[in-house]
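Both of the next two complexes hold chain A, though its partner changes from chain B to chain C.
Entry: the complex of A and B
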C-alpha cells in the first residue's frame, strides 16, 4: 500500500518536473497542405515556400528540438484534401497543420477541423469569411484574411478620396468575387457612392471583347471600372482593355485585392501603372520585416514573394510564437490553440504590419489602399492610405451578430443601388445606424 | 446600335481564332477517325514555345513558325510511335491521345511554371483603326486574325480540292481500303496530315496567346471549345468547321454583351440543339 502510494507520488513528481523544465516532445511535426500540382499550383507552392523560409530561418529547430515538415498536395480537389488531412493526422501524427490555400478547400477544411478538434489548424491563403464566422471552430485559426475584410475600406476610399459616384464591377461568377463586390459595395454606398453595377462572366471567360464593347457604351454614365477577377483572367482583361481603347474612356482600372499582386505585375506591364486596390499586405512596404522577408525569399527562390508566400511565412511564425509561449510543448492541442490565439505580431515581426486575433480566430490588421508605381524600373505597390486595426467585420465590428444574421452574399446581394441598399441595411442594422451614417456622411 | 455592331465584329473575330484552332483537329479527324484529345495541349505548348522564341529573337512571325514546327514534330512522334500502333482501336487511340495531353500539360507546368503569361502584340498589329462602313474603331490585331483565318480556310480548301495529296486524303475519308488498295502509302499520309494538324495547333497557340493569355488549364478550355465547334459543324468537314466557329463565336459574343452570366449556357445551347436534331452535325456525313 505504502509502496504503491510512493510510486504514484514519484511518477507525479517526475511528470511535473519534466513539464516544468524541458519540453515533452523530442520532435515537432508540422503538416502543410495545399495545391502543389495542377492549375492552382502557385497558391499551394507559394504558401509552402513561405513556410519553408520561416523554418529555415531557425534551421528547422525550436530550442534544439528538430522540426519535421510533412507536405501534402490537394491537387485543388476537396476530396483529396480531406483524405490527406487524415493522413497527416493519423499516419504522420503531426502536431498542427498549416493550410489550405483555396476558398473551397478552406470551407471543407474548417468542417474537418470541427470533427478533429485535437489537430490544430492554421488556415493559409483561403479567404471565405465563414471559415472564421458562421462556421468558426476553436481549433481552426486563420493568420490570413477574409475577402471582404480587405475591401470594405477600398469602397470607402473610392467614394471619399477618389470622389467616384458610379462604378462598374466586372468579375468572375463565383463566391470569392461576390464577397469582394459585397464588401466594396458596403464601403462605397455607405460613404457617398450612388450606384455599383455588377457584370458577372463565367469563371474562365473565353473572350472579353463584348464586355469591353459594353463598358465602352456605358462610359458616359459610369466613373470607373473595378476588375474583380484573378490570375490569367486579369491578364486577358487588361490586355483587351487597352486594345479596345478603354484606357482613354475611363481613369485607371480599380482592382480587387488579388489583381496587382507581385507575380502578376510583370505580365500586366505598364498597363498596371496607377491601378488602385487594397489588401492587408503591400510589397512596397519599407518596414524592416518586409524588406528582410523579400530579400531572403528572393535569395532562396529566385523571385520576389507575393502575399500568398507572405501568409505561409506568417502562419509558421505565428506557430513559433505560440511554441515560445508554451516552451515547445506542442503535444497539447488545446493549449497550443490557446497560445496561437493569443499571439500578437508586431510591425517588426510580420511583413504585413502588426496584427492580433479576434475571438473568431481571424486577424485584426492594417488594410492598405495600394497604388501601382514604377520604382527603379520595376512595378510595385505602394500604400497611399492605411486603415489601422480592421477586423473581418470591417465597420460592423461592434455589430458582429447582426452582420452574421443578415443574408449571405450572392451575385446580386447586397443591392447595388443606393436607395435599395439603404432600405436593406436599415432592416438588418437598424434605423439608428442609417441615421448616424447620414449625419456623419459615412463611416467615422 | 454601337453594341450590336461591336458584337458582330467580336463574333466574327472570335470565330476566326476558333477556326484556326479547330481546322487542325477536323483535318486529323477527317482522315483518321480519331478525336485527338491532345489538340488543346498542342495549342498550349505551341503558345509557350512561341513565347520563348519571341523573347529570344523578338520576331513574332518567327515565333509562329517555330511553334508550329515544334508542335508538328511532337504530333509526328505521337502519330508514328503511339497512335499508329493502336490504329483502328478507338478506345485505345482516345486514351493514348488523352494521356499525351496530360503529359504535355504537366511538362508545360514544369518548364514554364504556373503563372499566367501573355505574348505581346507586335507593334505593327497593335492599336485600333476605324472601319469605314460600320464607323467604329476596332483593334487591328483582331482584324488580322480574321484575315489569317480566311487565308488559312481558303488555303486548306484549295489544298483538299485541287492538289493530288488533298484528293487522296478526301478519297481516304470516303473509302480507306480502296485508297490503300490503289497503292497509296496511307500510313505516310496519316503521319503527314497529323503533323500538319499539329502545326496548325501550335501556330494557333501563338495567335491565341497573343490575343488573350497562356496558362496551365487553357489546354482543356481550348479543347472544349474546339470540340463544340466541330460537333456543331460536323466532324471532318472544313466548311462545317467554319460555320461551327461562326455560330459559336457570335453566340458567345452576343451572350457576353447582353447576358454575361449565361454566356456558357448560350455557348452550349447550339450543341445540345444540333445533337438532338442532327447528331452528325450540320455538315457531317452520316455515320456508316
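Entry: the complex of A and C
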C-alpha cells in the first residue's frame, strides 16, 4: 500500500519536473565564479560587484523574468574552481557563467569549457591570450582583454612618441608579467627601440634595495624603467624608488597595464603623478557611460570602480544584449553563445568605449595610453593617445596563424635585444615582414 | 548465533562498506560520485602524509611535491609527447618515486623541526621549478587538455562511473598495500624506530634504511593520488605542488586523526565536502571552517577518528550488550 503511494508520488514529481523544463524559461540563472577569499579577493570581488551593479540596474529582471545569481568562490585554486564550475552546472543548473578573474583560472576554465560546451561562459578579468587563441573554444567568450593586447601599442608609444631607445622592465616573476613584457618588447623594438632589459624578482618580494642600486648604476645607459608588478609590490617599488633618489635619475616610471588602476592610486599618492601606462579602459574617460558607471558604482559600494569591476559590469551587459536578441530564451546554449558573439557595444553602452568580438571571442577595442594627472585634487588616469580597434593580435591581426605558431612567452622570450629579436621574427613572420617594418620605420 | 559477536563486527562492516562503494554510482547522483572521486585523490595525498606522521613520527611538507611531480609527468608526457595510456601514469609514479629516492637521501637524516624545514625547502624547490620552467611546465598558467584514458573500451573521460571504478581500484590497492605494510615485519620495525630509535639501532636494525624506505613508500602513495588528480581535473598548475596544497592535506589529517589511514580519508572527506557545501550557503565559510578546526584541535587533538576510537573503546562493552539486548527483544 505504502509502496503504491510512493510510486504515484514519484511519477507525479517526475512528471512536473519534465513539464518544468519543457516550458519557457521562468527564471534566468546566472553563475559567477572568481576568487572572493584569499590573496586575490580584489579580483573576484571587483568583478562580482560589477555584475551585481549591472543586474541591479535592471532590478534583477529581464522582460519581467526574474534573474537569480549564484556566486562561487575559487580561492584562486583551479581544482576548487573546476569542482565549483561543476556545481554551478549540475547543482544550480545555471544558463551561463561569468568568470573567472585570474590568469591560471582562465586557462583552466577554457579547458573546462571545451569539455562542457553546453554551458556558455563569459570570462571575467582573466588575461592569458591562449584563452581566446590557441585554446579557444566556441562556448567561451571573453568580453575582456589579453595581457599583450593592451600593451603592444604602449611599446610603440614609448619608442615613437616618447623617443626612448633602451628600457628596463622590473617585474614579478610569473606568467602575467612575462606576457606584459613580451607585448611591450614587440611594440618597442619593432618601432625603433633598441633594447629592453628584464629584471625579475620573486612574486612576494617587497624589498627592492638591490634592484634599486642596480637601476641607479644603469641610469646612464637606459632611458626609463617600467614597473611590471601588481598589488603591494607596486606600492613598495614606488616608495623605494623615491627613497633611493631614482626619481631624479629617470624621467618617470612607466607602468604595466595594472599599475596605476583606481584602487592603487590613493595608496601611491603623488608619487604616481606622471606615470604612463596603457589599458582598454581609463577612469578619467568623460563619456556618459563611464560617468554614470562610476557614480552608480560609488553609490552602491562607497568607492570608485576600477577596470576589474568595469569588466564584470560589461560582461553582464553583454549578456543582457544577447538576451535581448534572443527575447530571453537563454535555455538554448548554442543560440546564446551565437548571440553573445554578435553583440556590439557602442560608446554610449560601455564605460570602456566601443567594442565587438573577433572570431576567437575576444574584443576588438580601443587601447588608451594613459597618464596619471591630478584633477580637482584627485589622481586619475587621462588618455594621451587612443589606438582604435585593436585586436588581441595587435599589429599581427592579418597574420594571426603565424603569431600563434610562434614559441610561447617565457621569462626571457622574446629576446630583448634588437638584433636577436629581429632574427627571431624573421624566422616566424618571414623576411617580407621585417623588410616592411624597416621600410615604414615601424608599424603603420 | 549472536549478531553482536565482537569478532564479527569488522567483517560485517567491511562487507557493507564494499557493497556501498561498489554500488555508489547507482545509489547516488553524479555530483556525489564526483565528490567521492575528489576525496579519494586528495585522500591519497593525506594518507601519504599520515603514513609518515604515524609510522615515523615525522611531518613532511613536501608530499604535495610528489603528488604534483606525478601529475606533471602525466600532463607533459600526454599533451606534449602524446604517449599512449599506461606510460604517462607509470612514468609519473616512477619519477616521483625516484625523486623521493633522491630527496630522501637529504631529508631522512633530519628529525623533528629540521625534517620539517628540509622538506619545506625541497618542496619549494619543486614548486619553483613548476612555476619557472615555463617552456616545459607552461608556468603559472599550468598545463591543460589532459584526458583520462579509455579502459577496456570504456572511456573514463566521458563517464564518471568508469573513472570512479578506475580510481577505486587503485585506491583500494594502495590502502591494502599500506595496511599490509603496517602489519608486516617492516611496519613493526618502523614503529620500533619511531618509539625508540637508539634501541632499534643497538639491536642491529638498519634504522636509516627503514626510514628511507618508508619515505619512498609515502611518496608512492602521494604520486598515485597525483595521477588521478591530473586525469580528473584535466589540468595541473604550480598550485598542486605548492606549500598551500601540502598544508591543506596536513589540516585534513589533523582533522581526521593523523595516526590512522581511516582518519586521513575521513578528514579529507569532511574538509572537501564542507568546502563546497558551506561556500554555497555563506560567503564567510572560511571563518566557519576555521572555528571548527580550532574546536577540534582543542577538544579532540587526536582528530575525529582518534576520538571516535576512544569513545568506542570506552563504551564498547555497554554498546555491545545494548545491541545484544536489542537483538533478543526483536526475536519473536
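Basically, the second predicted complex is superposed on the first by the 420 of 444 C-alpha atoms of A that agree within 3 Å, B and C clash if a C-alpha of one lies under 4 Å from a C-alpha of the other, contacts with A are read in each partner's own complex, and residues count from 1 in each chain.
Following the convention adopted for this analysis, a residue touches a chain if its C-beta (ideal position, glycine included) is under 8 Å from a C-beta of that chain, and two chains touch if they have at least 3 such contacts.
All values reported here derive from a predicted model rather than from experimental measurement.
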| item | value |
| --- | --- |
| Superposition on chain A - do chain B and chain C clash or fit | fit |
| Partner chain in contact with A:86 - chain B first, chain C second, else both or neither | second |
| Chain B versus chain C as contact partner of A:72, first or second or both or neither | second |
| Which of chain B and chain C A:236 touches, first, second, both or neither | first |
| Partner chain in contact with A:440 - chain B first, chain C second, else both or neither | neither |
| Contacts of A:175 with chain B and chain C, given as first, second, both or neither | second |
| Which superposed partner A:411 touches (first chain B, second chain C, both, neither) | both |
| Contacts of A:130 with chain B and chain C, given as first, second, both or neither | second |
| Touching partner for A:108 - first (chain B), second (chain C), both, neither | second |
| Minimum C-alpha separation between chain B and chain C after superposing on chain A, in Å | 6 |
| Where chain A meets both chain C and chain B, residue numbers | 37, 173, 411 |
| For the chain A and chain B complex, residues of the former touching the latter | 37-42, 45, 173, 199-202, 204-211, 213-214, 216-217, 231-232, 234-236, 239-240, 243-245, 263-264, 267, 411 |
| Footprint of chain A on chain C - complex, ascending | 30-31, 34, 38, 131-132, 134-135, 138-142, 144-145, 229, 233-235, 237, 239-240, 244, 275-276, 279-280, 283, 285-286 |
| Contact footprint of chain A on chain B as seen in their complex | 2-3, 6-7, 10, 13-14, 106, 109, 113-118, 121, 126, 128, 137, 139, 141-142, 211-218, 221, 225, 252-257, 260-261, 263-264, 267 |
| In the complex with chain C, residue positions of chain A that touch it | 36-37, 72-73, 76-80, 82-84, 86-87, 90-91, 103-104, 107-108, 110-112, 114-115, 128, 130, 135, 173-176, 178, 407-411, 413 |
